[in-house]
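Paired with chain B in one complex and with chain C in the other, chain A is shared by the two complexes that follow.
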Partner chain A sequence: MDTFLSVLFLSLSKGAIYGVVAFGLVMVWRGSGILNFAQMGQAMFTTYIASNLIINGQSYWIAAIIAIVLGGLLGATIQQLVMRPIEAMSSKSKTSDIEAIFAIVPIVATLGLLALFQSVAGMIWAGEERGFPAPVSTFGILVGEDILPFSAFDIFTIGVLAVVLVITVLFFRMTNMGLAMRAAALSPEVARLNGVRVDRVKTLGWVISGALASLAGVLVTPTANLSPNTLDLVLIIGFTAAVIGGIESLPGAILGGVIIGTLVNVISVYIDPENVFVSILIVLFLVLLVRPQGIVGTKAGRLA
Partner chain B sequence: MISLSFLLFFYLLGQVLGPYNQGQLNVVLIYFIAILSLVILTGYSGQISLGQGALMAVGGYVCAITITNFLVPSLLAIAIAVLGSLLVGLILGLSAARLSGPYLAGATLVLSLAIPSLAIRFESVLKGDVGIQLYLSEPPSWLTRVLGTIDFDEWNYVFTLPFAAIVLFFVINLTRSKYGRNWSAIRDRPIAAALSGINVERTRIYAFVLSSGIAGLAGALYGFRGVVGPSVYPTALSLALLTGAVIGGVRHISGALIGAGLVVFLPDLINWFSNRFQLSQNVSDYLPAFIGAVLLILTVILNPSGIAGGAHHHRAESHK
Partner chain C sequence: MSGLQITSLNVSHGAIQAIKGVNVSVAPGQIAAVIGSNGAGKTTLLRTISGLIAPDSGTITWQGESLLSSKPEELARRGVIHVPEGKSVIAQLTVKENLQLGGVWRNEKRQTSEAINQVIDIFPRLGERMNQKADTLSGGERQMLALGRALVAKPKLLLLDEPSLGLAPLIVEQIFRTIRELRDAFDLTVVLVEQNAVSALRIADLVVILNLGQGTTVNDPESLIDDPALRKAYLG
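For the complex of A and B:
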């Protein structure tokens, strides 16, 4: 196969992961109006747990599923223990002094959580880098004499994420809960008046986002190693993907993920991996300056 | 007046404590300046920056480059560094003023994460991972005549002190001026502020530019401790400054001093604690970060206006 096509295919597998990360960010953003910087910290933590399970002889599949379930639980815990008290306080406070701080409090809280996860992981797992296994080979597929730059694991990744995507779309389109979530994101007050339990819907958003992040963690680490800080880069790329897609839009998040995945991949294959960060920075600022509503978004929601 | 007593107090404090502590007090003062830049940006104008360390890096690099390449005196280099960071702040502010919280937070975070890559990308000027050496020129003779011989740490400390006092003076007056009131107005009620004839966008940009200038000054002073490089201005620095600002009280100038003290001395205290109780290497390595994170989370849940803000409230209530 042509190198260029292989690079594109590889981009799709990486882009799909970034897309899922962005999807999780957008989900919480739409539900709770919070950009969750701790998301990949949660994922790092659950991936470490899965890794420990595998080291202790548990099968890959069970470990991966436990990681994803724990990711969902972690999301719910954060929402209940940290975000709800903050929201409750911000809605009842009257003084402008405290009110002003509430614009930044959720962001600071998620950063604190990220630091918490990273430091606890460091304490438990010594901050060592370790590999994380993949269910299938991560080496390039051999076709005749040629080694293709993408592996069975890339195909696996794309397959898993495609299935997840279809399930999510069906969930939002076909189930009452999905409808409730869309309604609550669009207009919480109206949804509440129509009998949607907005609080519960918010929690569900955090659960789905946490589970997806853990899935992304399990899918990224076989090719990137696992350490307390490994997934920071994934978060940043996921954030950029969400911004490209217009942070209000779930399909936009996936699209943004594929776009940024392609960009990152093409740059690291054809130019220099060292340039990846600088190009993300440039893309992010270009999008924010030129088309702040993203490629899918229509509202000028992010303009202050 | 406050600034002068501040100057005197810290000079005497430096004299009482030894050279090692002067090195640390120097860092406290530099963080104080840096956190004051966050007080203006976040506390007064309501914008968040996770990249204040990156703006410090701008100041540090400009200062180091002008000194190594053009051999200008330290003071002039600092002035150029402040101008440089004002300019970068203007460029950032132009985009930032249009962005609301999370976008700004993400964009500034990416900026601070990109510093090491930028240093390597432009290695010929920025000298990659190693960075550029930067030292203060010898203390002037009139100063040595007044203060006696001055060693490295003391000279750095004595050099930083007036800058901290000037920034303190500037920020106190700024927050009491028309601009301080305008910032509070657009932060609390942006629409009402716009209707009252405040140009919201321009006021936000103004806050960003000033804050960048102050951060750049802090960054230049930070660089004078020996080296300007990516490891001096990591993302962790930006986050530590924000943590200090929030725990201390981001709306309050006194909070900036409390926060700066915490950021510098808390890790020391924790290290002393982990040595005392012989905690394992893993735990003692990550304990400062852990305690910082817990304090930050507890602050935002229980007392979001921070230590200084909390004290303020209690005082206000007891007056009633």
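For the complex of A and C:
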């Protein structure tokens, strides 16, 4: 198989991870109006816990499932203990110039949480990198004499995320809770007037986003390494994916993930892996400059 | 009396007092029209009943129980259904999803789809557009959708804010006729806020005239339509 096709395939496996990260960011943004920069800090923390479980003899599967559940709980905890008090304070203040400050407070709080997670992780597990096992081989698949450029783990990643995506779509399209979540994101007031307990729906958004981020954590680290800062780049790429998708749109987030995954791989293979970070920032800048509503969003939707 | 009782209600928007000591009494099964000019406090009154705004003082009871200090989502679950002006339909959702939203908290799919079929019988136009996004509907169709959604919620006390806003006169007549029919069919108590006073008076059992936050109740709406002085003063 030639390089181009393999790049395309790898792009899909990386892109799916970025898509899931972007999906989590968009979910919290639409549900609570907060960009959660701590998201991958949460994931880093739960991945460390999974890593410790594996070191102590647990299987990858058990460790991954525990990490995902903890990710959901961590999301709920942050929303309840940090974001709700901030929201309560901002709704009490009635002057409009303070309102502008309160719009920034939760975002700054997420940056603070990110720093907190990273430094606590550094204290507990030390700053050095450690490996993280994969459930299946991360080496190119052997077919006769040829080594294919993608691994069983890439196929595993794509498979897992495809299943997660289908479940998520079914949840939003087919269940009452999914409809309640969409309504609460589109119009909280109308949702409340229809008996939707918007506060609980908000918490559920943080739970799903935290669980997805932790899933991304245990899927990224086997081919990278685990350190308190490992997932920073994933967050930045995931955020760019969300912006490409228009920040409001869940399908847009997945699409943005695949686009940015392709870009990252093309640059790593054809140019230089060193250039990935700066290229992402250029893409982010250009998208915000030329098409701030993203590829899926409409201008009106962005302003509303 | 077990209908809707509002006594000495005071509501403020920041420094401005929007409702000043209003008393309203609506018996079960009645339609109360709330009329008055822009800024008279009509919408504020509805938003206070449905729990979106907390009053400064006063009481609101429905079927003998206080509605105050309950969140709007809890009041909706008790059958107090508020259809706010203009934006009560979610444009990005399909007609079907908007209707389902009325029963979303019950989490009873069969009950909800039965209620939706009932709504389609009343508004066949909605049935033809079930899978369209709500933003493709005309203004009249959106009002039908808003009313239909409220019916799926199985209301006992229905609060309607300007259901005739921006509609052609023919459709306005149709909407008002439907409101009265729905009241009769589902045994509703209705509070109807209207700019379009004459049409509202034709279906109302009593009228609350709001003027700069102060309320006057008139128990004979027809007399308002016929009285030239009152017409001039309150109906413009």
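Everything below uses one rule, namely that the second predicted complex is superposed on the first by the 293 of 304 C-alpha atoms of A that agree within 3 Å, B and C clash if a C-alpha of one lies under 4 Å from a C-alpha of the other, contacts with A are read in each partner's own complex, and residues count from 1 in each chain.
The rule we apply is simple: a contact is a pair of C-beta atoms (placed from the backbone, for glycine too) under 8 Å apart; a residue touches a chain by one contact, two chains touch by 3 or more.
Nothing here was measured: the structure is a model prediction, and the numbers come from that model.
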When the two structures are laid over each other on chain A, do chain B and chain C clash or fit?
-> fit
Does chain B (first) or chain C (second) touch A:196, or do both, or does neither?
-> second
With the two complexes superposed on chain A, say which partner A:82 touches: chain B (first), chain C (second), both, or neither.
-> first
Partner chain(s) touched by A:239 [first = chain B, second = chain C, both, neither] = first
Which touches a greater number of chain A residues, chain B or chain C?
-> B
Touching A:111, do we find chain B (first), chain C (second), both, or neither?
-> first
Kindly classify A:263 by the partners it touches after superposition: chain B alone (first), chain C alone (second), both, or neither?
-> neither
What is the angle, as a multiple of 10 degrees, that the CA centres of chain B and chain C span when seen from the CA centre of chain A?
-> 100
Quick one: classify A:186 as touching chain B (first), chain C (second), both or neither.
-> second
Taking the superposition as given, does A:119 touch the first partner, chain B, the second, chain C, both, or neither?
-> first
Please work out how little space separates the C-alpha atoms of chain B and chain C at their nearest point after superposition, in whole Å.
-> 15
Touch list for chain A against partner chain B, complex = 29, 34-35, 37, 82, 85-86, 89, 96-105, 107-109, 111-113, 115-116, 118-120, 122-124, 126-127, 232-233, 236, 239-240, 243, 247, 274-278, 280-281, 284-285, 288-289, 292, 302-304
Residues of chain C defined as touching chain A within the complex = 14, 50, 52, 71-74, 76-77, 81-84, 87-90, 92-93, 97, 100-102, 104-107, 109, 149, 153
Chain A - residues contacting chain C, complex = 94, 176-177, 179-180, 182-183, 186-187, 189-198
Chain B - residues contacting chain A, complex = 42-43, 46, 48, 50, 95, 97-103, 105-107, 109-111, 113-114, 116-118, 120-121, 184, 187-188, 190, 200, 204, 239, 242-243, 246, 250-251, 281-283, 285-287, 289-290, 292-294, 296-297, 300-301, 304-305, 309, 312-313
